[in-house]
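Several structures are given next for inspection.
Each of the next two complexes has chain A plus one other chain: chain B in the first, chain C in the second.
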Partner chain A sequence: MRRSPWLRILRPLTPRARIACGVLAFVLPLALWSLVSYVPAIWHPQVRITDPGSVSYLDTGAYLPRAAFDTEVADARHEQRAAPKGVSANPIYLPSPGQVLQAFYRAFTTRPETKDGPWLYQSLWHSIQIIFWGYMISSLLGVPLGILCGAYAAMARLNEPFLEFFRYLPAPAFGALAVAILGIYDGPKIAIIVIGTFFQQVLIIANTTRKLDPALLEAALTLGTRSRQLLTRVVIPGILPDLYRDQRILLGWAWTYLIVAELIGTTSGITWFITQQARYQHFANVYAAIAMIGILGLGTDLLLARLGRSLFPWDRALVKSA
Partner chain B sequence: MHGLASPPPLLPSYREQSAAVRARFDSLKAREVIMTVSHLHKNFDSDGRSTLALQDIHFSTHRREFLCIVGPSGCGKSTLVRILAGLEEPSSGEVLLQGRPVTGPGSDRGMVFQAYTLFPWLTVKKNVMFGLQVNGTGRLQAERDAMQWLQLIGLERFAEAYPHQLSGGMKQRVAIVRALANQPRILLMDEPFGALDAQTRARMQVHLLEIWRKIDITIVFITHDLDEAILLADRILVLSAHPGEVQELIEVPVPRPRSLAQFITPEFLATKARLEQLIYSASQETTEEELYPMMARMTDVRDNVE
Partner chain C sequence: MSFAEIECYRNLKSYYRIAGEGSFMVRATLSGVLLLLALISPCAPAASAPLRLGYSDWPGWIAWQVAIDKGWLAQAGLDVKFEWFDYSASMDAFSAGKIDGDCVTNGDALVLGAGGTRNIMIMLTDYSNGNDMIVARPGIKTLNDLKGRKIGIEIGLVEHLLLLDGLKRVGLSPNDVTLVNSKTNETPQILASGQVDAIGAWQPNSGLAMKAVPGARPVYTSAQAPGLIYDVLIVSPATLAQHRAEFSKLIQVWEHVVNYINDPKTRDDAVQIMAARVGLAPAQYQSLLAGTHLINIAEAKKVFGRGPGLKSLYGSSQNADDFNVHNAVYKQPQKIDSYIDPALTAAQP
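And now, the complex of A and B:
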């Protein structure tokens, strides 16, 4: 009997199945969301009022729990007043996929609501800059320190116990401190991203460095390499593909700190847009903005993965997954 | 049945040498000494217990000699060659390379490992250039030298390939010329063909002999394959296990040039019989492994395969 190709442990899928699963990974959640949004029989716990009738406290477009609405209708009928009318609706915080798609498009095409307010793409660009500088500063310090810790046991013992302690401190806890030191604009936001990324970065890269095959170092030594050259000639080129993968993961890490970071001091960037829209209960816009972050993050990562394949043609882990 | 079981052939003594072989050994021993190992001990300390891995190793090897080191597993042959390379320090005793003590790894001793140690991020050509460049040879000169070495072993077509694109045998051929490109005085090889399949291994042995014939190089070759040792070596250093000690330094009486066809010559068989006697009789006494159990029969008595 042939076993189903879907249930073989640790075996790769056929290329077609791979693509199919990849597409389904996005289509399935979307389908679920559509089902909940567009089939009135599913969920829809509220009623959106289309005609308040004789009920004085109702307005057109207001949301009412179904039970309360039913009571009002029954009361009105009983007293022979005009009954309110409404349609089944999901709560306001769950817009339909279509509404979000519209909001996505509108966000780029309509003027900001306040006269000198930023366009959405300007908010996004500001967020990207915050991420970029936070990640850059963290990497400029963290990558060399990580490699040194991985290469030299003394460096590791000197730094890693403290870093292990520090990485458990939640980065947002330093928000107030960062504002006190760096002001209310971009400084503290970048600082939070650095704090959130740096400590993990050093530890992860130190571990990656330690995984280098020691036989390569010995081979280099027997070829006459002096120990100072080992770092630049063997350690760094040897770990480069793995280092690159670590850096991709850490960039994702930096993104997850973005929203918290942007709430510190004056709210800015995509976070400003999201909080503003939530305040007006424009939840479709909120979802659109969240989706934009996801698309931007995934897009960057796919781009970097492709770049990695051409940068490191010898890397077998990449060759295999290509 | 009786017809097939021929009496054991009367082998000559492995010490008997033909005139030509004796003359070769005389000229070999007349050459300068390249490496001398004297009173070498090595202790490993773990958990407060000290284990003696090598005890009073002594031998010397002459210029352009091919020396094999064999011994049962656990005799410390890998440790020995790592000490020769300078990758480990002896607990006492010393290694002299042309009279100068060895204190650490250096380009005067090349090494080929059992594991593939080509640098995966460098092309074949750049792997061969590596040793030259870290020792200060300019890029262009290193490139010219590397191409010559690759031509010598017939791999110039793969100069721009990465190691992961090569077969195991090719990787080891590149590893050999990478070590030779530095023009070391001695080439240390730690079971370099151990990971290869039998056919590739046989071809590599012939190939290595060809390289050795053409280049001024002394080779110290570790193996646990007795046929391989006899095929390659001028002399074979036999170690015993626990602790590793020199049992005998055998002069191989098989004439040169060597070929795989010599596996059935009387000299070859006599040498092999002696090696087996030294290695297996000794290892049976000191073996730490349990005997494998006799199994109960789990098939029908009439269902025989032998």
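And now, the complex of A and C:
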């Protein structure tokens, strides 16, 4: 019996099917969103007022549930007053894809409104720098420590129980403390990202190190490798592709701490844009900003995956996952 | 933007090079420790730093933006830098001593002080004149109608104070209503959910609540209790001692700001600047500004006079202190006199 090529367990797809699935992964949710936004019959539970008529409490642009709107219209007709007019609309928190796309474009083309206020791309660049330094500092400490913990049981016992304890402490809770020590600008923000990333990083990398094929170690020892060389010549090169993949995942981890980190101290970066727009219910702008972060994150990851394939061509898992 | 830590690390790297060819382990640990040090040690010297003041999203404080954008601070010979915060983050930074002054309500100044952050209110910026509201769902027209109903409010904050004040005026006791502890910025959704009959919030949340529930109307606002909540600039006693002359000039800059905003000829320009700061259309911003009464020097002199009622900062702060103690925001009643320094305002021409 011939099985469908789409549903074979642990088998790679054909290249064309891979591309098709990848495109659909984005097109399907977008199509669903468009359908809900542009076909009034599907949802549109509210009415956006275009003309308040004789109803004193309505303003142009206000949102009213459909039932309440219908009652008002019926009342007005009954009493021979001017009836309010409106169009079907989704709730204010669900803008249409078109509105979000417009907001996306506008965000980059509109001059900052305050004098010497940052452009959106400058805010975004600031956020990227925060992430970069947070991730760099965490990696400079975490990667060596992780490898050591993985390689030497004594190091592992010495560090891991404490790290296991510490990684459960929520990073944002250190906000006020970080401000007290590091000031109000970028220091505390970077620190929050370091705290959020570092502890997981050590444990994950230690684990990766432990998974190194013992046959490699035995072969090296048989060939007369000395202890220190074993670490630098066998262990580290051996785990490098997996380490690289861990680092990619951890970079995503660092991004998730960005919004809380940037609320600490002076408000800055993309977070300023998101929180301010959300406060005044400009949700199209909020979604646009969230999409920017998504695009940046996914873009970096794809780039790193491609780089990984040329750096470690022998690693089959990397080729398969990318 | 500055990355002092990184600069610092660069200097330390030369030391690391001298340390020479260590084993991998030693080198890794060394660089780790150095980076940690670089991150923690305040490398940049704090020589002749400007005075740094915190401000946040409240119309009375956004007014400072006019002075900032127009360059009036520099014109007055002031080296003052305003830092934009979320309100509670600004108080954290002030508590940690990372900013020299902060814009807060008089009630919160007491809360900070009771928590160990000594501070002095040296100037008044405004009082809320309608921006703080108790908003009731359609069908409820007066505060009296709230008897026996549920009200969503952030317990211990200013709207709670406003509600108690209102209830007292209409002859109701606090026990006549049921309070549902709610985050102020979630109150619009809470009112819309229909699970409460009213909410207490300040702008823009109170306005958004009315937008979310058409027909909802305020039944009590701070316009009916002017002076219940004063907004002030607080500084630490040490900062005040070192910079009295600068703060005196700052009060004059504020006078300029208030005049510029209140003058019909320049009001539009001022509103434009302030609306831009928070990303609103000027027309939308007008209504927020209307609910805030900015205080000029002449009026501040009166408010800084002693008195038992809400017309005086002393009376208002005493009222807030009683409220805070009663609601266990803190335990020990505060000495109001030690929180207020009227001298800078009194000395203005």
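Going forward, the second predicted complex is superposed on the first by the 317 of 322 C-alpha atoms of A that agree within 3 Å, B and C clash if a C-alpha of one lies under 4 Å from a C-alpha of the other, contacts with A are read in each partner's own complex, and residues count from 1 in each chain.
Quick note on the criterion: a contact is a pair of C-beta atoms (placed from the backbone, for glycine too) under 8 Å apart; a residue touches a chain by one contact, two chains touch by 3 or more.
Keep in mind that this is a model prediction, so the values were computed, not measured.
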item	value
Partner chain in contact with A:Leu240 - chain B first, chain C second, else both or neither	first
Most chain A residues touched (candidates chain B, chain C)	C
Partner chain(s) touched by A:Ile190 [first = chain B, second = chain C, both, neither]	second
First (chain B), second (chain C), both or neither touched by A:Trp314	first
First, second, both or neither for A:Ala215, with chain B first and chain C second	first
Partner chain in contact with A:Gly265 - chain B first, chain C second, else both or neither	second
Partner chain in contact with A:Arg279 - chain B first, chain C second, else both or neither	second
Chain B versus chain C as contact partner of A:Gln129, first or second or both or neither	second
Residues of chain A at both interfaces, chain B in one complex, chain C in the other	none
In the complex, chain A residues that touch chain B	213, 215-216, 218-226, 229, 233-234, 237-238, 240, 312-316, 319
Contact footprint of chain C on chain A as seen in their complex	57-58, 62-64, 68, 113-115, 117, 126, 129, 133, 137, 140-141, 144-145, 148, 175-176, 179-187, 190-191, 194, 228, 231-232, 263-267, 272, 275-277, 279-282
Partner chain A, residues of chain B touching it in the complex	85-87, 104-107, 109-111, 113, 115, 117-122, 130-131, 134-135, 162-164, 175, 178-179, 182, 188
Residues of chain C defined as touching chain A within the complex	1-6, 23-25, 28-29, 31-32, 35-36, 39-40, 42, 52, 57, 65, 68-69, 83-86, 89, 92-93, 95-99, 138, 185, 204, 208, 211-212, 214-215, 217, 273, 275-280, 284
